[in-house]
Amino acid sequence: MSTKRVKNYVNGEWIDPENSGYIDVENPSTGEVLAQTPLSTPAAVNRAIDAAAAAFETWRHVPVARRVQPLYDLARLLRDNEERIARTLTEEMGKSLPDARAEMKRVFENCEVACGMPVLQQGDKLVGSSYDIDGEVLKLPLGVFTMIAPFNFPAMVPFWFLPYAIATGNTFIIKASKQVPLTMQVITEYIDQVGLPPGVFGLVNGDRVVADTFMAHPKVKGVSLVGSTPVCRQVAEKCAQANKRFQAMGGAKNHLVAMPDAKIDDVIRNMVTSCYGCAGQRCMASSAIVAVGDATYETICRRFVEESRKVITANPLDPAVAGESMVMGPVISAKAKAFILDMIETGINEGATLALDGRGLAVPGCEKGHFIGPTVFTDVKPGMQIHQTEIFGPVVVILKADTLDEAIRIINDHQYGNGASIYTQNGYYARKFKLEAEAGMIGVNIGIPAPVAYLPFGGMKASQFADIKAQGKAIIEFYTEDKIVTERYWPEEG
Amino acid sequence: MSTKRVKNYVNGEWIDPENSGYIDVENPSTGEVLAQTPLSTPAAVNRAIDAAAAAFETWRHVPVARRVQPLYDLARLLRDNEERIARTLTEEMGKSLPDARAEMKRVFENCEVACGMPVLQQGDKLVGSSYDIDGEVLKLPLGVFTMIAPFNFPAMVPFWFLPYAIATGNTFIIKASKQVPLTMQVITEYIDQVGLPPGVFGLVNGDRVVADTFMAHPKVKGVSLVGSTPVCRQVAEKCAQANKRFQAMGGAKNHLVAMPDAKIDDVIRNMVTSCYGCAGQRCMASSAIVAVGDATYETICRRFVEESRKVITANPLDPAVAGESMVMGPVISAKAKAFILDMIETGINEGATLALDGRGLAVPGCEKGHFIGPTVFTDVKPGMQIHQTEIFGPVVVILKADTLDEAIRIINDHQYGNGASIYTQNGYYARKFKLEAEAGMIGVNIGIPAPVAYLPFGGMKASQFADIKAQGKAIIEFYTEDKIVTERYWPEEG
Amino acid sequence: MSTKRVKNYVNGEWIDPENSGYIDVENPSTGEVLAQTPLSTPAAVNRAIDAAAAAFETWRHVPVARRVQPLYDLARLLRDNEERIARTLTEEMGKSLPDARAEMKRVFENCEVACGMPVLQQGDKLVGSSYDIDGEVLKLPLGVFTMIAPFNFPAMVPFWFLPYAIATGNTFIIKASKQVPLTMQVITEYIDQVGLPPGVFGLVNGDRVVADTFMAHPKVKGVSLVGSTPVCRQVAEKCAQANKRFQAMGGAKNHLVAMPDAKIDDVIRNMVTSCYGCAGQRCMASSAIVAVGDATYETICRRFVEESRKVITANPLDPAVAGESMVMGPVISAKAKAFILDMIETGINEGATLALDGRGLAVPGCEKGHFIGPTVFTDVKPGMQIHQTEIFGPVVVILKADTLDEAIRIINDHQYGNGASIYTQNGYYARKFKLEAEAGMIGVNIGIPAPVAYLPFGGMKASQFADIKAQGKAIIEFYTEDKIVTERYWPEEG
Amino acid sequence: MSTKRVKNYVNGEWIDPENSGYIDVENPSTGEVLAQTPLSTPAAVNRAIDAAAAAFETWRHVPVARRVQPLYDLARLLRDNEERIARTLTEEMGKSLPDARAEMKRVFENCEVACGMPVLQQGDKLVGSSYDIDGEVLKLPLGVFTMIAPFNFPAMVPFWFLPYAIATGNTFIIKASKQVPLTMQVITEYIDQVGLPPGVFGLVNGDRVVADTFMAHPKVKGVSLVGSTPVCRQVAEKCAQANKRFQAMGGAKNHLVAMPDAKIDDVIRNMVTSCYGCAGQRCMASSAIVAVGDATYETICRRFVEESRKVITANPLDPAVAGESMVMGPVISAKAKAFILDMIETGINEGATLALDGRGLAVPGCEKGHFIGPTVFTDVKPGMQIHQTEIFGPVVVILKADTLDEAIRIINDHQYGNGASIYTQNGYYARKFKLEAEAGMIGVNIGIPAPVAYLPFGGMKASQFADIKAQGKAIIEFYTEDKIVTERYWPEEG
């Protein structure tokens, strides 16, 4: 049979992993099978780890200024081929082309930050820690790092880690999502061209066997994961037990708080983009709106539903929607769709008002696609499951609070704490929200407060199992070990 | 019965924990019972945690410049009362008075570094993360942190954490060592005087039930531990599972590498101090000497044994030894002594040469003390148990290597990687050692490469389960959460 | 005659400078002669510089952690004797006791920031600047630094520099204000007690001959000055010519912009404190109010005059005013008073409305004091001399602007750019003001935006001749030279 | 006449400056006239400054992440066209092609460091500078900066400044060397292609009238210069007087200290490269060797002269020398040659031994070139003019010292303090030298200790008039003003 087979990239070569089974990769808009992903065996994964471990022994000694040169080239190659990668991403994942391009922007940005490593990785020098004695802090790489990529950002999330790991002198292996492996296949084509020594970067495909093998191998020094909270917990526990570093980013339920003084027209537009981008399948998507005060609540409910109706649900590669401003594609799979429909049912049963129903939406020519239209619940209370659960689809719940304090309490009582935003022009409210809302990333008049790559990225509470956030200069701490030197020489003549 | 009872310090008050049993605290030089330690129950510990959690809600909002004022006062009080604390420490732990004073020096230093928090805790501000949008990184406290102290540094180790935790706006609870709880009792007397709001600092006494309670309580955000590697592993695993931060410092076997060009007279004196200080019971004690080359090996073996014989083993509070330069006290307990004697037996059986035998040493008037004299094995091979095991007593093994590469290999093949030192005047060897020896703390012509508090402290491999080291500016990352803000305001008139 | 004579402090000893003349120090509230200041000759000043240069050769090699110990002690001594110093300050300078205490607070703060030098002075270490080559940046002291103190903050301004200069390993000489030398006499009593080696700190008294001698001596590495803009310019020029570092802080005219949405009651109170503290004689005093919009202007004019009337002008040491909330003392001298009266005359002649007239005010029992009451001009236009000139007294001008843009233009067209504040609750206006108003220090709802010592202090435009600001971690760059090391060793055997 | 005319680049356009005279640009190897440089009038220069000032008003508000994009492109374009630029540089300046390529490497590096500005330009955020008050440090651009380039590094030196000035949001004008203007002409062709808004970068050609015009214009905020010490002094003085920032790098006489333990073969090779690269015309060239001890002195004198004889003096573009390892070209001009010959005469008259005489050397086919061969003086004493003067040609003086202390004293007594290097394997000597030798850039076993761009660049004493060094993250302080914000909002309801 002629379906394209996804490959691993090990020790600088493209290979089919031996003895592996395969599963289908589907276009979620059409149901078409795009390719097949191998389920790599532990032996196949170990081979990649061993290659990375061997490569580390020379890579660590390459001066940092040389280590970043391939990243400059990679950033350029990816930029030059942005459209090809974005289309691949849209085809296998279902997000709109503008969303795919926005994702690529963060990819470039992260490469660029890591290119600054010759300055950023410098350690400290204390002259005279005591008489005739000096102290130094050397920030040195550790060895092989790995990451386990999610389906929703198959390009961006790996680049929260990859460029930093490599620039600091470690070697790095990615496990792509088995549902959306093709984007990383294309990206790896470009990585292959930038002259990294074999083994410095590796790509393996498969299911959780791959992750388990990462965690079992003594040469793996750390694991980064973006996934569900239960998986985060397992990864954290196993890594801790094995004395490996870990960063595990989990679930989210991001709140948007609208204050009475907010500029309502701007707010509504901003909310819609925030809630329905990637069909709600992003860890920074907003899915809970909290309106402060009765009047604000009334207005938001009405205007948000109105604006939600204007979102076009379609196959994002359909040329007919190319010029539209707000296009929403399918969710990732039939299973995901079933879960979302189930949650909508739950919301109805819990007594929330289904103000906009995205079920039963038909996209002509895409009968096998996994589409759900914008869905809005009003009259939602904090106790309800549709508020407590990460639905990961285009389903928005609207709650009311009497005061900002109450709005913050709703956020702080929630298990997750990834992002949270406030809409207000008032500096007092903004400061209070920044300090008190328990979320790792805070927006002020920004619906998706995902930081640019020049700053760290990460959540709080059940949204993150990690001491150190991704991206920015923060992650350098994750990829380096502080080695502390105390040095003196006994006096010589002369 | 009238034996003094150790108390807990909870919510700003000294209390006897309810319903607890008690165990004896012994002077290891004399066997005398000094006091009794309560074994706090989970209920007693939870009360301390709840007080700390309540205190956090106001303490976090106190400006950082005010939060450090009590630490200035504490540093001064401890300095003014150094001798009292040092004598308490020596009495219950057995280390010499100069060693106890050296320990106190690090206590002051750590307070002083934490006093710099108004500068050090500043976050970042990115003007123009995009058009009209700014980014911020706020470094905010998390809540209640705890630490579990070891017997060997009952004053210093808590201060790797305490001042930083409090200065950053967290609240903090220490579990003192049940074997040496008195030093922290005295220190807490001074903490009690510096005006911290109730609950900001707490002290609980007991056994591993306390540690388990820390890890079980949802309000505890992090745990720091200095203990054995197996306990580290458990703490790491439990904390990860519960999404708590952890720093767990474990076992060590620190190597001293002597190069042929080293200044031998200085080296020998330095080695002796390094090996027998605190009777070898410190995580930074050296216990394995690697001599490079036959001639170096011969000289070191001869000279080191000679110099070891000069060490005076005695009750460190005996006025007769007050003026002596190198006094060594007992090990901590009969159990510890039995283990060490067993390891000496093992070394003999493994075929190492017992070049100096510290067994059977009698300290007049201290018949119940747990003394072992300086003990040296030569002809030791890397495979032997006396080289692989952390003996934690005054037992030194001497190995030979043909080259620096071989010496580094011996270090790198060892499970532990806390400290490692090289003796050489040669810059090439020093640099190679600094970069290649796998230990978190490296010394060059420094036998105990424990960094000053202005730099971080921490090991590698099985010596440390943690991403972030203790002390210095590094630990601020442990005690703060980066909250990332993306902020804009929509344009107004005018 | 028995009038107290101010002394110099040179090489650790109090001395009367040889061959100097003397001038009187006056209590500006009463005209009483408090003491006499010597006018040190160049020879006397050179002796102090030579002592400082000699002291540098050992002080620079004292480990930084030891260099800061005297600063800890000094901070404590000054705190313990705050009231004595504050009263001396009030007596010779005329500011209220609360103002004097507020000044002392900054003194302590600056000591505390400098105490953090063991962490803050660390340089950088780049492992692998090329193959087998490392780079280092060492932050080393330079030698003798000097500073020339103003009359208005005789305690605080010296401490923007002193603790940092000394902590970084330089030696330091202060020229006190000849009008208010007594505060530094008292402070130096305490400096004398903290164990600095002789010559590390020196104090000389006199007039501009002292400053000229500083600039002429080849061993002086830098000069800091707070004074008038013309003097700043001369100091900058001479220092540049002699390749010395300099920081020269000059004149100011600080604007307060009130937006229509500001909380007017809070604003008015805040403005009054800002304008009349130290009788307007501080470089961060506000002396120009810009109200945005007609209604705001009307309200501010009325309310500000009302509130200004409540300020009590009095001898600040008069027990009768001890409990009053807003007491204003005299200006510094008869000459200063004459200049201010002249400016008031000018304002009247320029056509501004004298809404409150502080002239002719009598303070019973203080007939020889230099008092002027709160004085307010309204209907002021940007072109007027009373707006363009730094009056340095309790004279406030109120202007009107139609928009925030116009208010900012008024600020930016002014020659000075020290501080500027906006009153608004609106985040958009606040951000615009922060970015666009050309002043080194910006306040948002803060009338005196003088930064705490944990941040730098300094102005823009004619208010500052310097690349590097005072205070905080910024000033470390001023007191250290980056020495850049490129280091390698050729390979050795083994 | 058809000789190529050098152009200015103003407001995004290539122009011939109006009313200017012209002078010849000569190939120093052949005397051939390559082009003519215009001598821009003040009016022409002011036009460039006004364009830059206008461009600043929009450029400053472009987000920093966008400001660096043209620098990425520029780095790539320059890399892709390295050979063309290097040949232009060699043709007009005379240095060898390998030296020209090494210069270009630093150009790329500096672009790359500046590309890190989105992280490096971040300011500080202090939450809670007091109750409910926050502090911020914003690092903002100032306006128009200028630089005055030297003839010897017409590509590298401008890039110590250009990328940083632009990345931080300032606008920037270069005055190229009138002797070697062509390299910057070519580089500006590429700058022209990268999409900078008109006026952000400008290039003007001419003589000191240009520099004077920079210093006279009120919109110019700073001047950087690499030139002679007397010119530095004038620039510093004028800038200080006008309250402009300045960095002025001046003369040098860099010492190489050889210790007895140094690896002599490596040392000699390293010294030769260091002394004769660019025919000795670089501010980091070594021109004084200090041998410690009689034996070292004897060996160095003999071996260095031997090795110096092997240097091939030739037209560096002569294909016959393309494969040679050590080729030395001419000095820059007949005038420079005359000065050098004069200094050789002086050395002879002072009594030094002319151990190798580079005078009278003929390069066939280059009779009009300004060649001098390697020239070595031995028996040189510190007092001699050939030791005190910067000769800026291939003339090396060798001195003897009895001890390292004496060698350091020779360095420290010299007026200049740019670079200084020690050859030793001994860590004690290296540390002592690093701390005590008064030079801004220190080498250990590195003859030319010019730091990579990831670290700062700058000298001490008469070699630098500046507080802040060039390159690396240090220079960001030069190109930004710290604006300090103190911010609060009064409480609102809710």
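Chains: A, B, C and D, in written order; residue numbering restarts at 1 for each.
One rule holds for everything that comes next: a contact is a pair of C-beta atoms (placed from the backbone, for glycine too) under 8 Å apart; a residue touches a chain by one contact, two chains touch by 3 or more.
Please read these numbers as outputs of a predicted model, since none were measured by experiment.
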Separation of subunit B from subunit C in touching-chain steps, minimised, is 1
Among A-D, B-D or C-D, the pair whose interface repeats that of B-C, with over half of its contact pairs matching by residue number, is A-D
Interchain centroid distance [CA atoms averaged], subunit A/subunit B, Å: 38
Centre-to-centre distance between subunit D and subunit A (centres being mean Cα positions), rounded to whole Å: 44
Rounded Å distance, subunit A centre to subunit C centre (Cα mean): 49
Expected list for subunit D, residues touching two or more other chains, is 65, 118, 122, 124, 126-127, 129-130, 133, 136-138, 140, 425-428, 430, 435, 444, 452, 454, 487, 489-490, 492
Drawing the touching chains as a network, do you get a line, a ring, a star, a complete graph or other? complete
Contacts from subunit B onto subunit D in the complex sit at residues 61-65, 118, 121-131, 133, 136-140, 424-428, 430, 444
Subunit B-facing residues of subunit C, complex: 65, 68, 72, 75-76, 109, 112-113, 115-116, 118-120, 122, 127, 134, 292, 402-405, 426-429, 431, 435, 452, 454, 472-473, 487, 489-494
Could you pull out which subunit B residues touch subunit A in their complex? 124, 126, 129-130, 133, 135-138, 140, 233, 236-237, 239-241, 243, 245-246, 263, 266, 425, 430, 434-435, 439-446, 449-452, 454-458, 460-462, 465, 467-469, 472, 474, 477-478, 481-490, 492
